[in-house]
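Two complexes follow with chain A in common, the first pairing it with chain B and the second with chain C.
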Partner chain A sequence: MTAPITRIEAEHIPTLQAGAQLLACGTGGGDWLVLSEWLRVVIERNGPLTVAQPEDLDPEGACAAVHMVGSPMLMEEQLPTGGELRLAIEALQRWTGRELTAIAPLNAAGPNALIPMIAAAELGLPLLDLDGMGRIFPLVDMTTYALGGLAPTPITLTGTAGEVILLDGPAGRLEGQLRPALLGCGGWACCASYPGTIGQFAATGIPGSVSRVLHAGRVLRREHGLAEDGFARQLGGRSLAVGQIVDVERHQTDRTWTDGSFPAGPSSVIIGESGGHGRMIRLEIHNDILLALADGGVIASVPDGICLVSGIDRQPVDVEQLQLGMRVEVLVLPAASAWRSEAGMAVAGPAAFGLAHHVPTGLPR
Partner chain B sequence: MRLGIAVGSACLDLALMHGDTVLASSKCPTTGLLTSDLRTSLDSLPHLREYPVDSITVSAGWLTDAVRAGLGLAPIAALRLTQSGGHALGPFTGWPAALRAAVDCGSAVLTGGHDLAMRQLAPLDNDAIARFATTAAARGARGIAITASSSPAAPEHELVAAGIISSQVPGLPITLSHEIAGLGLLERENTALLNAALRPLAERSIDELRDVLNDYGLTAPLMFARHDATLCNAERLRRFPVTALESGAAVALRGAAVLAGTNRAMVMEIGARSSRIGFVENGRPLLTRHSEGMQVPGLRVALQLPRTLSTPIGGARTIDCRTGELLDAHNPPVSIGGGPSETVFDAAVFLGLATAPNRVQMSALAARKAVRTATEQLRRLAAGVAGDRTPIVVVGPAADLGPAITGLDVTLPDHASCAPAIGAAMAEPAAEVERVVVTGNRTDLDRSLTLATEQAMAGVISAGADPAGVEVTESSATHISYLPGSVFRLRVRATGRIEQSGGRR
Partner chain C sequence: MTGIPGLEPLTVAELLCGGPLNTARLACDVPLDRPVAEVRLLDDAAAAISCPPHTALVLTEQAARGGWAVEVTLRQAWERAAACVIAHESVVTSPIADQVATRLGVPLLAVPDDPHSAALRVAAAIARPEATRSALIARCALRLAESGENARAVLGTLNAELPGVHVALITGSGTLLAGRAAALEAWQTPDPAITVLSTPIPGPDGLELGQLIAAVTGRAKAWHTTITAVLSIALAPLTAWAATERLRTDRAPRLATALLDRLLTEETPETLVEATALGWPLDGPLVGIALLRTGPAQDLTAALTGALTAAWDLPGPLVAHGEGWVSWCRDPISWDPALNRLNAITGLAAGVAGPDRDLRRLLTQAGAAAVVARSHGPGTLVRAGELGPARLLAALPAELSGTARDVLAPVLAADTDGTLLATLTSVLDLGGSAKDAAAALGVHRNTVATRLERLRELGVDPTDPRQRLPLHLACHLVR
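For the complex of A and B:
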């Protein structure tokens, strides 16, 4: 790993975006032009933002996770007015009676890598170099913060029309309230959640996550001579297979939120490995890529991140954009060690996603 | 017979095709004056009148050049319809300053638009729209682009606003964003704005082209290559000229695949001033999902453009003939070989790596250094992409340099220098429809998909396809991540063919 990042300037944005896209594990919904422009506009107005190691700050200082929920694709359509993040943070501060001294990412991957940067630049607060997922998981309470005892609630949601919604109560009841509220806001909303102290975030978060986004971006963009070779290794992962997509199955579903399932519908992708053993690689996808099988045997699964890059120029590929005939490389990025505990696997392992498989043991990590 | 005409920034290429066979091709340097360049090129194919030409496809590189240089574009106004409460990112966000200055004739963000569930975000303010139209026209706007939130799912507000504007300022060309692209407001708006700015130029140049072609007895239907190497007819291009952006890169890739007889290749197009690498898959250009292929920094558009990497190394890159150093890429361009300044091409000729009538004298050391530097840069460009036994095809005006200068095992097909014209001649009509639907059941989803399919098929026929040969080549309903399972993005793509007869007249 490279040296931790301390400042984020406008020139870092394309690199951060590339890294965030890769770490999104095949999801994320596109290019997030809106997010990167929003970040650029705020940095140009308020100056660069500070990224801090939590041990350099007062552990008693108040902190919260700042993020979006819902579809990043819809954010591209129903644009932010620019006031949503401040409004969400101020609403949380009013409810808890504590003014934030730092901001933490919920997950430093996908659009949520950039959102807390916008909030930090907007409010002039430091951004902690950690996160609660190390990748993207579909639910707000699937974090190492929650695993360590920090509650996601109270949480505030703000929509583009000026809606402010505050949800408080037991974490287990959160998703049932949150998704309908989200649809009411038009499909995406800005959030402040996990109110706590910097010390609590330091104790439960995955360290170095913000720096990791930048590093991944530099590898992808081959900055500083990175990734001339050992591409997967430089990302801290390994390559599972290179091949061509031979089938994409979108499973129909009439399930909705009311039965407590995950959002969106599942799909499967079959990749015919080119070279090697010519295996058939099957990816099971439900928002994110959950499982990779080779000729029927599990070769990777959640909580490890499984992601796709173009087989041609190694740019991240989104599951929503997979098409027959596309050449892709499948990479696996090992999960943070917090997820490897029994409690962690219960939240984020295959069983949590209803997959009756187990994480294979003995694979190189 | 099909005639392909590729107008690039340096050359104008012609190719006459019968099936996959090239009957004739020509290449002429351009002067920047479209009609006289075309006449010069047509004169270079003296037997043209003997062939029954069924269709003519033009790759209108001058439209791309106009956007790159910010020249020849019309002043236009932007109207965005969305929720009230301010906006962090207004129209023209992220545009290069020079391009914006060339077209921006005022913008307004007014209330309107819908959310994903088709609920109105805010009512339209008819008076404000009428005032905006009047002000824009008074400032000299020659077009308006209207973009409403969620218009690909709910176009009503764009249509109503267009009605108000045309009754206020009759005859002012209006571009509606939902006719241009799918979800992604900023990119759709940018594309609609560019379209509005290109319309007067497209109108004018299509008329000029038609006149010249008629003078040569070429009265076959006039088609234009699009950004993905498919085509549309002239009437459609008049309304949607933005779809021709980067068509030059697309047809060069398509042409390379046809010439090399391959379905999959890495294509290196070695030009006079620059070279670029693109990819062919299934015989078609590999496209970026969005705007990474756009060669205007900062400007993001909602078109699937060819994924290319480029370097300012070309055959006409000037060199210092004493030291062999490559000189500034911004030096005034010279023709490939034949001076007045020494070029990479001259160095290659001197070393016997390429042939030309004139062999310029220079030091062997300098020539070797120039070729080596160029080779290293092109190799670095190629090494950035995973080779994986992909065959490499070289095309472009300086393609002859390919084998020597790349130092790689490459295919140099016949007619390689005219690949863009060949790709243009081989283009087929296509149309895409992208929609978002919120539906509770399978029947509704099927109905929406059927409707989108009909729209795509109508689109490809109106682009010039023979109605008998229309095929749906892609049809998908994808769940949108992180939303309940009832939200789908529909994408349908239809392709067709244009009628052809054969034989010499």
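For the complex of A and C:
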């Protein structure tokens, strides 16, 4: 890892975007041009934003996670007005009675890597160099923050028409209420959640996550002489296989192991390994790539991030873009150590995705 | 659900072959000789971890949700040395599962009915291996009876009913007649992993018709015994098939003639199979004889075939072919007694050839020798090897005889008793010597001189170098 990042300027945006796309593990959903433009406009107007290590700030200062929920693709259709993030934060501040002194990312991967940057630049607040997932998980409460005892509620949602929705209550009821509210907003909304202190975020968050996005982007874009060799290792992971996609299966939900509690439908991608043992690599995808099998043996599974890069130029590939014949490399990016605990595995391990009874124990670490 | 100790357990092949899984689709190409000692129903793929070796793993539909569950189970099966993986056909839809099964060498069986009942059937079968084997042999016997007396149908039935086994019908020297080439390949190039079981097929005359071979992977003895039993059941319909074919050609010799023509013009698997049924030797060094009638040119071939065949007691068939008859066999024999006996029925001359591996070449050479023999009169036997350059004359195509008659038209018109043509031929045969010709013809030298003078008047001069070769050829052709 390189030195922690302290400032984010406009010139960092393409690198951040590339890094966020890789860490999204194939579920980024598009290239979020709207988001990067939004961030550029705000930085050009308000100046660069500060990225702070939590120990450098007052641990008692109020902080919250700022993010979006819903489909980033719908954001390209229903464009933001620019005021949604401020509105969400102000609503949370009114409800909790505390003014934020820092912003934290919910997950520094995918579009949610850029959203808290926009909020921090917009409000002139420092952005904490940590996050609650280290990758993307489908549910708002699948975070190390929640694992450490911080509640996701109250949470505010704001839509493009200026609507503000506040949900408060037990965390276990959140997802059921959040999804209909989200539909009401048009499929995506800006959020402020997990109201707490900087000290609480420091204790429960995954450190260095924002810096990691920039570093991943630099490796991908071969900046600073990176990525000449040991590509996967420089990203902090390892390469599982290189091969060609030989089959893409879309499953009917009623014929799979899932119980419908996750937003998207499941699918599988089969990769015929080129070279090596010529294994058949199967990726099981449900929102994220949950499981990688080689000839039926588990070689990676959640909570580790399994992601695909193009076998030709090593750029991140979205699961939606996968086509027969495409050459890809499968990488595994190990999950943060917080997810390795028993409680962490219960939230984000194979069991949480309905795979518990199927995946043999003794997963590779 | 465990097998009986002491008895050799059933193999996956036996479960498939008429056994409790005979409706299952085998989704991969793997050896099927794995013993099945136990059955285990799996409600989730991970439960395979606790299974002992040689277990048939049956995935319930609940456990098989998601194509990957089948692959995970295959992997577990491979790691636990399980016998096979059985799942409902609706969950074995991805060709990838088949590929993984093939890569791991684990049989993957897709059943059309409820996996629970498949598991129960397997459990019942492995509890009584001998009963299952008997049922399997009985089923094969029934199927073989249904397939009738036809080599191809019998082989098709054997290959369909014995999963994972390649069965073929071959000649003694290893030519594939029916069935799978893979069996012949295994027979020719021994592979320690593959056992080849073979059974000689007796022909109706007691001579070996060929061999029935079965290539099977692995060393499961009981399974080999079962296969051998099934093969021996197949011998009867194969011998019966050969007998039927022979009866048919005996009744209508034209069928044999037509078959030989086909065999000599274009050797197809069909002609090979028919010829084998008739017991015709087809490979190895062969010796052959061609017989031609010496009497007046009149086609009596069809009329005489019956009488000649009745008098023919040598090994090998006697088949009407071209203007005469041919016969061939493997071992060199003395032809003279047979020729003498047949010569008594009708005037015959014979040419013999061989040994030769090529039947077509053998019969052509014997035929050429027979043409030469015919010019020497009945009872003559000429060996192709002794013909020398005379082979060329014997091989002249019959189509040229019309032209030859044209060339010799003046002579033939004037030659009422054939003496002119005989003299011309004799003079040319003996290098133009009138003296030698007179001796050969048994006439006075002056008679020959007179006849030669007569020939010159007709425009034919055997001493003219430009005329000599065409005249000589024409004489041979019109004779």
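Brief remarks on what is shown
Note that in this section the second predicted complex is superposed on the first by the 347 of 365 C-alpha atoms of A that agree within 3 Å, B and C clash if a C-alpha of one lies under 4 Å from a C-alpha of the other, contacts with A are read in each partner's own complex, and residues count from 1 in each chain.
Criterion: a residue touches a chain if its C-beta (ideal position, glycine included) is under 8 Å from a C-beta of that chain, and two chains touch if they have at least 3 such contacts.
On a predicted model such as this, the values are computed, not experimentally measured, just so you know.
Of the two partner chains, neither chain B nor chain C is touched by A:48. By the document's definition of touching, of the two partners only chain B reaches A:312; chain C does not. In the superposition on chain A, A:187 contacts chain B only, with no contact to chain C. In the superposition on chain A, A:282 contacts chain C only, with no contact to chain B.
When the two structures are aligned on the shared chain, A:161 is found in touch with chain B, with no touch to chain C. In the superposition on chain A, A:59 makes contact with neither chain B nor chain C.
Between chain B and chain C, B contacts the larger number of chain A residues. In the superposition on chain A, A:77 makes contact with chain B only, while chain C stays out of contact range. Within the superposed three-chain model, A:148 lies out of touch with both chain B and chain C [touch as defined at top]. Contact with neither chain B nor chain C is seen for A:4 once the two complexes are overlaid on the shared chain.
Comparing the two complexes, residues 255-257 of chain A contact chain B in one case and chain C in the other.
By the touch criterion given at the top, residues 43-46, 49, 63, 65-69, 71-76, 78, 94-96, 99-100, 103-104 of chain C touch chain A in their complex.
Within the complex formed with chain C, the chain A residues making contact are 246-247, 249, 251, 255-257, 266, 268, 270, 279-280, 282, 284, 291, 293, 295-298, 357-361.
Note for the complex: chain A touches chain B at residues 27-31, 33-34, 37-38, 40-41, 69-74, 76-83, 138, 160-162, 179, 183, 186-187, 222, 228, 242, 248, 250, 252-257, 261, 263-265, 267, 274, 287-288, 311-315, 318-321, 323, 325-327, 329.
On chain B, the positions that touch chain A within their shared complex are 82-83, 85-89, 93-94, 113, 115-117, 121, 149-150, 183-187, 279, 281-282, 286, 289-292, 300, 307, 309, 383-386, 388, 440-442, 474, 476-487, 489.
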